[in-house]
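As structure tokens, here come the structures.
Shared between the two complexes below is subunit A, which has subunit B as its partner in the first and subunit C in the second.
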Partner chain A sequence: MTDSRKGHDDVPVLRGGEVPVFPYLVLKEFLAALVISILLLIWSLAQNAPLLPEANPGKTENPAKAPWYFVGLQELLVYFDPWIAGVGIPTLIIAGLMAIPYLDTSRGATGQYTFHARRAAIGHFVLGFVLWWVLIAIGQFLRGPNWQFYWPWQDWSVAKSADEQLWSFPWWVGLPLLVAYFAGGLALARRRWPWLPAGLGRGRYRLVIVLTLLMYAVPIKIVLRLLLGVKYVLVTPWFNI
Partner chain B sequence: MSPVQRLQRTITTSHLYRSIFRHEYADTARNRALEITSNVFLHLHPVTIPRHALRVSYTFCLGGLTFFLFLVETLTGLLLMFYYRPVPEYAYADMKTLEYAVQFGVVLRNLHRWGAHLMVVCVMLHMLRVFLTGSYRPPREFNWVVGVSLLVLTLLLSFTGYLLPWDQLAFWAVTVGTNMAAATPFVGAEGPFRDVLGATALNDVRFLLLGDMKVGSNALLRFYVLHCVGLPLVAVVLMMVHFWRVRKDGGISRPL
Partner chain C sequence: MMRGTPLMRLALAILSPIFLLLCVVAIHSEETRPWMRYQEEFKTLYIDRAAAQLRAAEARQNAAEAARWQRVIAEVSAAPPAIAQTYLEDVKIADRCVTCHQGIDNPLFQDAPQPFRSHSGPLLQQHDPSRFGCTLCHQGQGAATTVEGGHGREANWSSPLLPAAYVQASCARCHGAVHGLRGADGLRRGADLFMEKGCYGCHDVKGITYLPKFGPPLTPLRSKLTDARSWVYAWIKDPQRISPDTLMPHFELDDDAAGKITAFLLTLPPGKAPDRVALDGAAPEDGKRLFTERGCRGCHALTPDEHSVSPRVPHLAGIGSKVTADWLDQWIANPKTYNPDTAMPKVELTPDERRAIVAYLLTLTRAEPLPPAPDLSRFNPQDGKQLIRRYECFGCHAIEGFERTRLSVPDLGEFARKPVAELDFGRTGVPRTKWDWLERKLREPRAYESEKIQLLMPTLSLTADERHALITYVLAFDVPTLPVRYTVPATPAQRALREQTWMVAHLNCNGCHRLDGHEPHLARSIERKNLIPPSLEGVGARLQGQYMYQFLLEPKAVRPWLQMRMPVFGFTEAQARALVEGFGAATGVSNPYTYVAKEAIAQEHFQRGVRRFRHYKCVQCHPTSIDQGLPEGVDPEDLSINLMLAKTRLRPEWIKDFLARPKQIAGPQTRMPAVFYTVEGTPKVERPVDDIADITTYMMGMVDPPEVTLQAEEDAKKAAQEQQVDWSAVEY
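Moving on, here comes the complex of A and B:
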């Protein structure tokens, strides 16, 4: 049993450049489990899980927040109707994530961390990932009563005015705008990356661009609302976007 | 031979020991391989892996840690079930009992609660790591899909557990969450196109989730059963597929 005492530079390399799983990998897995157990135990001894007064359907919590991992979606309720924020966007996120391996046809730089070889893919993905966490952070830490925006140093007992002057595009402006956004996005992408459609195939290429445009539509709508007070981009008798 | 070595030899050559461990104790290449292949828990692993896969900074152990936290949740959840009754009359009182009358009850609940949060974080970071290393590419496409399903299941497991303490936090968080279900197009009572299929508050998808029009005793029971039995069962099946596919799709990803 001398090997287990060697540093890991001394791990015997077998034929084909492989190393034995036992004990080298198993030991690391054991240590990882041990470390996380200790951290979790310390955290659990130091900090109690929250427990508010008993559930009372007659007394609404204000603000009533979803669990933190869904707070990002709840934050989107400010900018979108519930069917988009609570159903449409999560469905698109899940479907979009599942589609990734079928949309990415490049094979370079597999199995390694690299930004260089996959700028676009990693850039867009990380941006979406960061957006998800930023929305969670805003919803969790910066939203007070009536879902009004409060900085951490501001007093929640000082009520904020819910009055907002919001307006919507009439449908004959909104519809062309939406069409222009997607058509323009497709055209821009074609100009910027003219070799992409050939590599991906037309259908796959369009899906990639449309999904990417849909993702960026979320922060765009947020900016429209915050800077220009736009409530809906498109108003129809059946639904509003 | 020292007394320790003699004891070691006595144990490792005993009938009982040899009936449990089907290979020799000595540290040889053969026994290292047998340690993996003859052990039902360890045989999840291949016998050997590429050199780079040993680097912690490649995987950060995130997938393994997620699975480990699932085991932690299973164990602590099982213990919590001894003290908890999923009816509005008792649920909150049982939380207080756990806090004030059960030895280490608070720590047990804390481990379960914080472990769940940690699991959600780990599974998200695991997904990020798999993306950044391009490990979803062929032949691993379908395993990525299974992984995304497991991410969703982790969120659902956590969300269904959120209601169980039956405090104000739980009640209103789940009210907010399930209200979104009522906004689903076609099948939600407040969603667009609700009239097409005739969705009302009494037959829509929120009613399906809650067993009622608002969060109450039916919702508590439904969430409890889903949290403790339904969703873990699905998660276990998907994890079996996920881990098996990691091996069948060529083991841990490597530079092509």
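Moving on, here comes the complex of A and C:
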């Protein structure tokens, strides 16, 4: 794409204010790879792989932690039932991520690496991504014996009480709340960003909003539990959320 | 060609060389391992030393040896760097220690600096490194090839290198017995101390079972003590203040706890009160004399400046302020009626003698009065009972109501395999190793206490040496994990030796008898050395097993000139046998029992023995009969044991040895002259070997007391002739 400007040393300008992928983007990415490689090399030279305690079938380690990349999921087990935390949420994440190219078919800002043009899409994605890392960090560094919360300066050998006073919304509160959350979210988004349903079409719009609301439901549930001691928002004979 | 912005180019110019350099460093550090440097150093050292040997061989003009060293130098110079490994398939041990410790089995490196020095002692001769590897004994991480890794000084490596000081702990991994095991003295001492210090009272250890309670029973205290309240309170509060030598540990109890325990102990039923004893007419000065003469001082100390034979034996200074006359009289008369497990033997005394001793002991009162005890009525005895349960006083003392209470002291049974991470170091800065943990624990048992856990182990008085031995022993506590090919079960001799060691310590044999190089404790208070009971040094080689066994069960006077008699310990048959076999094993006698068949005694040797016996005038010193009493006008110091006893008492091998080398066997102070050889071993007579053998034969078959007069000899000859009947001339 730069052939027509061969022989010029100054930065070639393509359409309004753009620069070519090579070398500007490729070089940036190459430098990022270089920095990461240098850090990894220094780390591997300075530090041996840790030797963990010998496996002992007679002794379960406490806390038993998943590999770091799964600790975020394990952390979710505090707030959700295993079936939801372990199957439901990961499935939604994977399916949702896979669906993005089919949901967001806008041609705007193609070829541009810019935040301004896609503030909402990138913003929501980054928030979800940060949430994932925050969960990993909490699970990896701030969880002690019996998966109790310990600050880094607290002594793990001092046991913490596992007693927690938790309560659940009765179904006649929980169900309307959930319905209101999704219906309200759909309506609010339509009013706030009227161009959104227009651009996406009704079906895709609803799917996008529902997936986004589902993502935000996770931190909302966490906050409810931490601040108000809410165990379940909706209790049904088949599943609890 | 576009080259990006200047900033990008600058970053690329800086980061690329750094990345390249790091790659080179990473590859280099993988390629040159620390062991390679050690192998190069070793190679230089080896060639140097071999060259020195070569020069020495050439100087001696020993061509063969010079050629051999030449070959060694050539081989060593050509050897490429390589990891050396011993692999033991059956225990899955891969030891690469010899990768750096290359001189381990090479005598050239006895004084070389580490890691090249050869293994100390003769251990490698018995433990072929190719069969046992290194980490089986030394621990550490055999497969690692760095200094820190190989020595196991890595987080979570459960068995770091045992310091040389404690490495004997590993002997117990294969050897079922440490008694009679060369090179395991520290471990053996620890095993003995574990019993002698009473650790077994609270800590259950496999192999130590059915031992009596370590301390005296606490049940009938009120009939034993004159002022039970003050005495028990003061004792519980600080035993060492009352008796500085005592083994009773200091529990660091506060006034309330001591008061509660005292209140509980005094509520226990007093049991049957001892009979009243009237001391009028009993002379304390007689008692004082008897106390020494009958050997009581062999075990007990009387004045504050001396010590009892072992800290377990009560120091009698202040005894007059402690116990009642009635109790003391009953105790001396028969200690086992009060405490069936006591080590105190029953000494044969007439009631008068006993009363004199009691009168004397009651004069030994405390210089310093007992500290006052608080009013006990404000304490609930049940609280005291709870405290006894908590501190597990019943581990060492029999206490009524606790007969079936189980100990809950931590099990030491598998201490060797306990990960160091499971040990609580509290807030101390003790280095995180098991041995450092144990050292501090034994020195200051409650050092690791924190708000999380209250520790109850009392303070013990142990010397640094004793702690060291105990640490070695505790580090050896393990379940057997090695295949049967590695295990060396205890031999019967070793088991007997172990039991004998315990009994000798428990019963304080060293109080009266010389033992293991220790003078009898009694020797401090008795001047005439021949009044001291015989040495037990090498007794297993000297005495016949049957004789020792009988004697232990039912002591009979052998040396009539001695005032003191072997007291009655009340051994069971099993205990007597263990002592006999243990004493035998201690002197390398595998079967101490002796039988000399009378039919097997060759007559000509026997007769020659009789003549030689007379020739050397043995009877001059050795009385021939104890039934007739001591000969008149003879200093008992010049007397020796009745030789008529020899055939049932002494082992013939020992008699021969003793006749040949009396000074070496019985010590230079013996009155037995060196008849057959000089002290240097030169023969003094014509046929020493035959003389000794024949005299021994005679002694083992001696029937009548040997006569010294020629007349008797002629009578015997005549009688023998008369017996020769010409059967052809007799009608029958």
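Keep this in mind: the second predicted complex is superposed on the first by the 199 of 241 C-alpha atoms of A that agree within 3 Å, B and C clash if a C-alpha of one lies under 4 Å from a C-alpha of the other, contacts with A are read in each partner's own complex, and residues count from 1 in each chain.
The rule is short, and it goes like this: a residue touches a chain if its C-beta (ideal position, glycine included) is under 8 Å from a C-beta of that chain, and two chains touch if they have at least 3 such contacts.
Remember, it's a predicted structure, so these values are computed and weren't measured experimentally.
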Which superposed partner A:E54 touches (first subunit B, second subunit C, both, neither): both
Touched partner set for A:S157, first subunit B, second subunit C, both or neither: second
Subunit B versus subunit C as contact partner of A:R118, first or second or both or neither: first
Comparison of subunit B and subunit C by subunit A residues contacted: B
First, second, both or neither for A:G203, with subunit B first and subunit C second: neither
Touched partner set for A:P194, first subunit B, second subunit C, both or neither: neither
Common interface residues of subunit A - those touching subunit B in one complex and subunit C in the other: 2, 11, 20, 22-24, 28, 37, 41, 44-45, 50-54
Interface residues, subunit A side, partner subunit B - complex: 1-3, 8, 11, 13-14, 16-26, 28-29, 32-33, 36-37, 40-41, 43-45, 47-57, 59-61, 64-70, 73-74, 81-83, 85-88, 94, 97-98, 100-102, 104, 107, 109-113, 118, 122, 125-126, 129, 238-239
Interfacial residue positions of subunit C with respect to subunit A in the complex: 2-5, 8, 11-12, 15-16, 18-19, 22-23, 25-26, 29, 154-158, 419, 421, 452
Interface residues, subunit A side, partner subunit C - complex: 2, 9, 11-12, 20, 22-24, 27-28, 30-31, 34-35, 37-38, 41-42, 44-45, 50-54, 157-158
Contact set on subunit B toward subunit A in their complex: 27, 29, 32-33, 35-36, 42, 45-54, 56, 61, 64-65, 68-69, 72, 88, 92, 95, 99, 106-107, 109-115, 117-118, 120, 127-128, 131-138, 140-142, 144-145, 148-149, 151-152, 155, 158-159, 162, 165-173, 175-177, 179-185, 188, 190-193, 214-216, 253-256
